[in-house]
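Some structures are shown below for you to check.
Look for subunit A in each of the two complexes below; its partner is subunit B in the first and subunit C in the second.
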Partner chain A sequence: MRATFPHLLHLDIALGILYPTLGIEIVPPPPITQKTIEIGVKLAPQNACFPLKVTLGNFIEAIEQGADTIFMVGGVGPCRFGYYGQIQRLIIEDLGYKVRFVLLDHPRYGVRPFFEALKTMAGGRLSLPKIVQAVRLSWSVLRFTEELEGKRRALRCQVEDPKSLDRVIDGALEALRRVKSLEELEILKEQTAEKLSSLPRNGRTDFLRVGIVGEVYIAQETRVNFNVERLLGDLGVYVHNSVSTVEYILHTLRPFTRSKEKLEAWKLAQPYLKRFVGGEGIDSVGSAIRYAQEGFDGVVHLYPFTCMPEIVAKGILQAVSRDFDLPILHLAIDEHSGEAGLVTRVEAFVDVLERRKWEKKRRLEHDGALSRR
Partner chain B sequence: MELFLGVDVGSVTTKFVLMDREKRILASCYLRTSGDPIAALKEGLRYIERRMPEGGVIRAVGTTGSARHLAGVIVGADIVKNEITAHAVAAITKVPDVRTVFEIGGQDSKLIIIRNGVVEDFAMNTVCAAGTGSFLEHQAVRLNVPIEEFGKLALQAKQSVRIAGRCTVFAESDMIHKQQLGFGKAEIVKGLCEALVRNFINNLAASRKIEDPIVFQGGVAANQGMVQAFRDFFGGKKRIIVPEEHGVMGAWGAAILAMEYAPEKTAFQGFSVVERSFVSRSFTCTDCPNACEIVVLKEDDRVKALWGSRCGKWTPETATIRCEEEEETAPSLVLPPECATGRCAMHG
Partner chain C sequence: MRVGIPRGLLFYRFFALWKTFLEELGVEVVVSPPSNKAIIQHGLVYGVEEICFPVKVFLGHAYALLGKVDVLFIPRMVSFYKGEYNCPKILGLPDLVRNLFWLEKDAVIDDEVNMRDRGIRGWWEGFLNLGRRFTENERKIARALRRAEEAHRLYRRKLGEGYFPENLIDGRPPLPPKEKKVVLLGHPYLLSDSYINMNIVRKIYDLGYSVITSDMVPEERIRKALRTLPKASFWTISNEIVGTAFAFLEKEDPSVRGFVHLVSFECGPDSLVGEVVERYVKRKKRSLPYLRLEIDEHTGEAGLVTRLEAFVDMMEWRNAHHASYVPTPPAP
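Showing the complex of A and B:
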């Protein structure tokens, strides 16, 4: 069996560790390129959201490289995503490919189906302890990839040379692929932390702070969102992303493992949105409010064009923006999005934030001068 | 005398403004880009050069518009700014108490909300280019009315015809349908202007509060029919100002920004730029699976700028070597990405 899976930022690194230790041979899909997107767009229904098209492209490219088993998650709830695995299975079957689809449905009732799906893939030969060990290592690796990306977002506006920052982070990500044990991971973590702290800083502290909210795939996958994070970072903005794969997996494995941040975001969203609207709808609202309370200068809202939960969130975010005096830039992304238009909007948004901040400061100084008089 | 140059290279027109330290416009020009921004840039520079006052020195240059990066490299810009900021800066300079800016250009439209002289919020057209100058121009050709007469004709209409303006194609077919019912040209033109205004408000204003004074700028502001349609839309209750510089506001804004950021020494390449030849070509970088399409701008035989590399490793220095290597298998010549509209400037 040669298994593959969809790309989601660095998920391939974690799964690349998990599957082989379980005795599953993997064929990671080639990185997402324009070609991947073209394949997906051609085969998928036109109205499907962008993540379905891109991941379908991943599958086709992996199948052409010899994959014969596809691992995909399903789900329940108002978001169409839950059904995507099935649609993709039908499309791939229609094309005449002989592949096995392992659909991991929403593990609403605990983690057992998850382990059972893994067991199926491994041909039922595995012992539970071995699975637990492999899951632990790949889980820690996944967490670390997110930490690294968090560092990249936060430090980009603070280091002298962003390219050297990229070199450290990308080097660590590459090294992660070869990690064999938790001890090795610890060593790598220490080394990376050291390298990051020794990067020369530019000494700036007055940078703007922008938070990212939105749909999990578009908000995270830099290869489809035109790398908005890097664009902002290069404009001198400190970026924080409220969306993470780790969180996504955790809250999927409910009810016992929802993180503190997640619960907090849901609580914050309460005055605006009480019902579960699917996907990350509530999280987008809650996280935007949290950013406002933490004094962020603005929020970028990323979602696939036609995404229902995020369109609900978008409507509500306009009220949040007004109530908290927080500028929000909404960016809907799909295969028709043009990079030039997106760049113009992001640049203008940063200008807006800068001028607002400058005006606020000026007014404070003015008031200060008046009160001293 | 210290002078400042602002350049706005849009999808349809290219604008130049020559400004003094008091932000007064000494010379300006408004040209068609005609799909060749480099030629338009050269023509504009020639025009400005002839109007340079005695003893005038260009202290700083700013570029804006969809080809701002290309223009920035060719002319030598000290600041390269997006068109939203540039337009807002010019509007605030002209009308200090402005609260809203409507800007309709060749292929996009913008709504900018300003409070206390600071941009609070903005929107760009998201659904399609129906509410823009190119569309109006296209219909003018179809109706056999010179675009300059278009607005005046609208004012002569005795009544208006409702035309569906949500999308370019539907507006056009609905307009033809109304023609076939026997409506006159003036009525049709007025209906079109009104459809564009509805399109603009529905697309951009959404839940935003439009407060006056409103500054209406961009090429389309020259169209009196459009100005009247906006006035009618607000029932004459909102103050709408069309500045006389409406066509070159973006370039003016770029010049003002250049003055604000003026460096010690300007990057301006001098008017001799018009003598040099610029060519863009592209190749696909095969160093990693990203397979970026790298666009190279060459000045004579020197690599001047590169765009499109995701990892950022392509710089004029590294590319010179690479281009020499690849010269034999030179890929086909392509025009630089002048603007995003080949892909329908969609999805805000």
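Showing the complex of A and C:
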């Protein structure tokens, strides 16, 4: 069995540790490129959301590299993600590829298929201690990749040379691929923290602060969202991303696990959106409100074009923006998105935020108090 | 108290139920007028630009009622089939209306009806909460719901006999059936609003075919046909569309000549289940022709007519030649 799986930012690092430990040979899909996107767009339904197309491209490219098994997860809706696997399986079947599609779906759709898929994904024989150990390590690795990305977002506007920051973080990500145990991971964490703290700072403290909300794939996968985070960072903006794979997985395993931030965001969203509408719709609303309360200067809303939950969120974010006086930039991404247009919009957005900040400061000096409007 | 029901989305399915329920509770019901240009225009102005056309139409209807009624009746129909959902936009609909039109918190009746996990209990509790907005008397609510369900059954039976919602709601005369038939797939809010679908039922009729919709196929037959799939989708209406298509996949009924699938651009569920239907139709060696028509606010009538006419020509030709296997494209 040579298994493959879809890309989601640094998920391949975590799975690259998990699967060899379980004794499964993996063929990670090649990094997402224009070609990946073209393959996905050509084969997928025209109006399907963008992540489906990109992950389909991943599968095809991995099959071309010799993968014979695909690992995919399902879902229970109402967002379209839970049905990706079914559509992708149909497409791959019709193309005539002889591959095994292992779809881990909710036990709601049959307890036996669920356990069979789980068993395949765990390497056939279920030896619990071994699995627990492997899962623990790869989970910690996944968390660390997110920490690293968080550092990159936060520090980009504060260090003298963003390139050296990228070098440290990318170096750590590369080193992560070779981590064998939790002890090694701890050492790597310490080393990276040291390196990061020794980077020369530019001494700025009055940077703009922008939060990112949106759909889990587009808001994280820098290879398809034209790296909005880096773009903002290079414009001197402190960026925080409310979306994370770790949170996503925790949420999927609910009701056993739910992080505090998530619960808070859901509560904050209540006056605007009363219930879960699938995907990250309610998180986007709640996180935007939290950013407003924490005094962020603006929010960037990233989602795939035609994403159902995020479009509901978009309608409601307009009200949030109005009520909290919080500028929100909505960026819908799909295969037709052009980098130049996106860069222009982000730059214009940052200009607006700077202007607003300056106006606020001036008014503060003039009136002696911060008036809301 | 005057309660307004916007004529859009699930209205076409639950018209009789909602109206009877509210009237039994002693409420004056106001339904927005049939779609027209001005209503659609308001929907386009207030809607989020990327939201699907039917939601924009719904927003237009909600706008048409503002100021004329005390409260809007937009129950949050999370699920009306066990284990399934409605589309996220329907789940968030009351919130969208409230926030886009700057309405007060209690200007929208938005209690949740959710049969997903709890089945009929969720249904009953949902309507109990809805009824509590008007009366304290639970027995009165229960009686109203019972009568409403009666009306709903009657309405559904009429639809099953070949009437369209517009025949029943506005009293338009039904079209006499023709011998040749086309299966018209699509969400009821697209098929039933003849203004936004450019009167497609009449157009197909004038080309010589009557239509069969999901409403005219018995539910057991739809659900049985749906079992062809390893996993049905989690959207009830989309499942009905797939089930209806699958029920006619085998050429059993010689009067049925083809599938026309009406989709609104940016309809999330249909972008996936449409693909499922199309692939299964194409996998059959001797299947019926399939046409997908996408409509939105920019659709021109001439283009729609041209495509329908071409499709009718093809149905005639295929029916004469019995050649209908279209192989799928090779791998890249």
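FYI, the second predicted complex is superposed on the first by the 351 of 373 C-alpha atoms of A that agree within 3 Å, B and C clash if a C-alpha of one lies under 4 Å from a C-alpha of the other, contacts with A are read in each partner's own complex, and residues count from 1 in each chain.
Here, contacts are C-beta pairs under 8 Å (C-beta built on N, C-alpha and C of every residue); 3 or more make two chains touch, one makes a residue touch a chain.
Keep in mind that what you see is a predicted model, and the values were worked out from it rather than measured.
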First, second, both or neither for A:51, with subunit B first and subunit C second: neither
Contacts of A:42 with subunit B and subunit C, given as first, second, both or neither: second
Partner chain in contact with A:97 - subunit B first, subunit C second, else both or neither: second
Chain touching more of subunit A, residue-wise (subunit B, subunit C): C
Touched partner set for A:77, first subunit B, second subunit C, both or neither: second
Contacts of A:214 with subunit B and subunit C, given as first, second, both or neither: neither
First (subunit B), second (subunit C), both or neither touched by A:286: neither
Which of subunit B and subunit C A:347 touches, first, second, both or neither: first
Touching partner for A:28 - first (subunit B), second (subunit C), both, neither: neither
Touching partner for A:6 - first (subunit B), second (subunit C), both, neither: neither
Doubly contacted subunit A residues - partners subunit C and subunit B: 305, 318, 332
Interfacial residue positions of subunit A with respect to subunit B in the complex: 30-31, 33-35, 163, 166, 223, 227, 305, 318, 327, 330-334, 336-341, 343-345, 347-349, 351-352, 355-356, 359
Complex interface listing, subunit B residues touching subunit A: 66, 81-85, 116-122, 124, 126, 207, 288-291, 310-312, 337, 339-348
In the complex, subunit C residues that touch subunit A: 47-48, 50-51, 76, 78, 83-89, 91-92, 94-96, 99-100, 102, 105, 110, 112, 229-231, 233-235, 265-272, 274-276, 279, 283, 328, 330-332
Touch list for subunit A against partner subunit C, complex: 39, 42-43, 45-49, 60, 74, 76-80, 82-83, 86-87, 90-91, 94-97, 105, 108-109, 271-279, 281, 305-309, 311-312, 314-316, 318-319, 332
